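Both complexes below contain chain A, partnered by chain B and then by chain C.
Then we have the complex of A and B:
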């Protein structure tokens, strides 16, 4: 238990500089992008030309003359309290706007995650069980083909088949729930294939180890060997990869969300970029960065649970 | 079987590169010549793949599209490679506090998701191909430098490096003559996957209108153009999508083969 605790603490400790890096990125973005807010505020009225002293006075009042790190500290304390500023576009608070859009992105992410886990694990195990037989060969070629189809091409292909020709599924929106089927497939299919291939190669790597040979010598069938002994050890790379992908999903997929008109975090970022809405972009960078780091942390913990050697600091 | 697929993929990739380089000679028509009277025409002797919604020759646009895709992908990967290679070499070869510092920075850069970088840079500099390239380089150099560093760490302790140093070779000479040639081959896998993912990123961003802009012949833009018309005529979407898929497929097959044959590094094996 002591080792586990120490491992968790180390991982959290290592995540801190990354989180600080993300806040610096977001803060720096706002700093470079915003120009001079004092001047901007004074020149709201086009007829009024402020004197240099007035601008300077307002700068001091707004704290713009303070050293950068004090400004950073002030900004951070605002962020911690949940104040990400207001959007330039419509003056709505960025945080509440993102929280409003979050459920759609979360739903899409979790459904895609489920699809990746189920298809990836199932596919990987089946490929190993049927190793070098017809199923394996066809599966591998098919999976590398699906991996190569870009998500947005797949999305339009599915729209063409399922919505235009067969008229089975709605093309856009979030209602009814069947509208999520195509976006999920577009997001998840290529990652699922990748996970299946990854899992296959790591299980095969475990199968040649001595302990697998021993188990085989005791008379276990291959399927038993895979499920009972090697799967748990072989899961680590797949878990890491799934976490990476899922962390990306949480930031919203700009492409999928815009193709299927799902109002989510991704479309929010897209609008923000197109309108140069810096506070919104700042908020988005912070949000995706933190979500990503937390998911990666979680995946490290899952891996250390799956393979205790990791948390004991041994190289696996 | 694998070898056969590898050579097929390599042929396709080289074909794309040549088509890209000699686009001016190969393309039967001007890719930007608009002919509204002949829009969305079916394939004919004049237009082998038909025309798009503005009457532009689809085949010529595809050919010029491979130029932009191939060029951008190789350029971006080259820049990333240069940056990652330099930093990784310094970090791995010299070690010490420089290594510690660089690894700290690399850790931070690897921990931040690439979408955050892309959105940040695009938001700051405005949408466009230049900011997209910067975003790609900024978000992917860290992995390169990590792989290079791990390779160099292993090579640094070899006897032939010691021998070269004993004979009075300078650091620069040793890096150039002994370290670089030995790490280039393992890097190939990473380079291949990076080229593939760069093509995808650029196509996707151009599709969203954040990369290359509208009249340019690019596969992503062609797909974007097609999205209003593919319902009636699937050909306009299928053509660029096939090219994009074929390109990625060939890259994936090449990377897959290279990995099987060269690679022992766990860090690069993670990618696919």
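Then we have the complex of A and C:
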């Protein structure tokens, strides 16, 4: 237990420098992009040409001449208090704007995560149980096919079938809840197929390990062997992959959100990029970076739970 | 209940060609005798053991017949084999360090055998404790809650043995039980197997290239080479009066007999010599040996596959 706790603390501790790195990155981005705010403020009236002294005075007043790390400290203390600055575009606070859009992205992300986990794990296990039988062969061909179709093609195809022809689902928006079905499929289907194939091959790799022989020699049937012994050991690559994908989802999926007109973090970032709205981009980088690191941390902890050798260390 | 192997032939399809890992083997493992399978590594010992249990990988083709009493095992369905594995024939796999599930506590891995035999949770745990104590673990509680990588090689070996005996099988096939262990632990393993044989009334097939263990522990010895049986005899006769030139070479390579290593290597499975498989290394080779494959010839109480005895 002690070892486990120490492992978790170490992992959390190691995440801290990465998080600090992300804040530096975001701050640096703002620094490069903002130009000279003092000059910008003094030239709001195009007819007025400020003198060099005036500009310099305002720079000092705004703290722009302070050493970089003091400026960083000022910025980060604002960030900690929830002040990510205002958008250049419409002067709305970046944080509250992102928080307003976040629920849609979160909903889409978690629905997609669920789909990937359920379909990927179930598919992987079934492919192994029916190895080299019809289900396995068809499943593998179908999954390759789905994986090779780009998400946006799948999206347009589904819109054509389910919305335009069958009129079962709304083409866009967030109301009613069924509107999320197609975006979720477009986002997650190919990842789910990939996870199923990944899991299949890692389970097959575990089935030829020495310990699987001992388990079979006890008289376990193949399905029992898979569920009781090999599945757990085979999960690590799939968990890591799912975490990477999910971390990406949390940053919003620009393409899917745009196609289905879902106002989320992804479309927010897209607008920000198109308008060179650097404060918004800065907030976005900060948010996605943190989300990604935390999801990866969580996946490390899950893997260490699955594989006690990681958390207890080898002590032979 | 004897295990009778008739004209057994096992072939693996591999990228570099077919491997005939077991080549027309006829053998009887008598239930009252401990049989030792000896031979260099790669001679097909493990494959023979796994074939008896129906545990070969899918790239194997098996021909011939294996009888457990009246039942023929090769033609059995996977479902029927599952009922035989563990309960009638159990395995102590080679490589104890990797033969236990690394992410499951060893207690659960032993309990699983009792659970498969239909016992409840509480009973299984109790019997696991008893079993571990019988296997010489004084702190069975701690051992049960350990992961395999927290135990030594010798301990893992005893856990594997515990798993094998748990369901009181008629037969145990032990694959290289002393490999990679130091002298003290090898003796422990020997003691454990003596205890198992007495208390569980189980018949044993011991696969080993530890000749000293074979001499101490086995009644009958089978010498395998390139998937063929070269000599069968009582342990005493094999060690005191080895007949086959290969057996003679093996015995001469023992440390206390001068440790003279045998020249040469066994031929690759994909490129087997004609006639007698041993002829490229044999000091007594003559014309027939290159052309005609010798048969297994009965000589006194044993049998030997060599032209010199025909």
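Methods note: the second predicted complex is superposed on the first by the 312 of 316 C-alpha atoms of A that agree within 3 Å, B and C clash if a C-alpha of one lies under 4 Å from a C-alpha of the other, contacts with A are read in each partner's own complex, and residues count from 1 in each chain.
The rule is short, and it goes like this: a contact is a pair of C-beta atoms (placed from the backbone, for glycine too) under 8 Å apart; a residue touches a chain by one contact, two chains touch by 3 or more.
Only a predicted model underlies this, so the values are computations on that prediction, with no experimental measurement involved.
Applying the touch criterion given at the start, work out whether A:255 contacts chain B, chain C, both or neither, answering first, second, both or neither.
first
Now for A:15: first (chain B), second (chain C), both, or neither, which partner does it touch?
A:15 contacts chain B only, not chain C.
Once the structures are superposed on A, label A:145 by its partner contacts, choosing first (chain B), second (chain C), both or neither.
first
Looking at chain A, does chain B or chain C touch a larger number of its residues?
B
Could you pull out which chain A residues touch chain B in their complex?
Contacts found on chain A: 14-15, 17-18, 20-22, 25-26, 29, 32-33, 137, 144-145, 147-153, 156-157, 160, 164, 194, 197-198, 201, 237, 240-241, 247-248, 251, 254-255, 258-259, 269-270, 272-274, 276-278, 281, 284-285, 288-289, 292-293, 296.
Quick one: which bits of chain C touch chain A in the complex? Just the residue numbers, please.
50, 53, 55, 57, 78-79, 82-87, 90-91, 93-95, 97-104, 109, 112-113, 116, 147, 149-153, 160, 163-164, 167
Touching residues of chain A toward chain C in the complex: what are they?
Residues in contact with chain C: 208-211, 213-222, 228-229, 232-233, 306-309, 312, 314-316.
Help me check something: in the complex, which residues belonging to chain B touch chain A?
Spelled out, the residues of chain B in touch with chain A are 1, 104, 107-109, 111-117, 119-120, 122-124, 126-127, 200, 203-204, 207-210, 223, 226-227, 230-231, 234, 237, 241, 244-246, 248-249, 251-253, 256, 269-270, 272.
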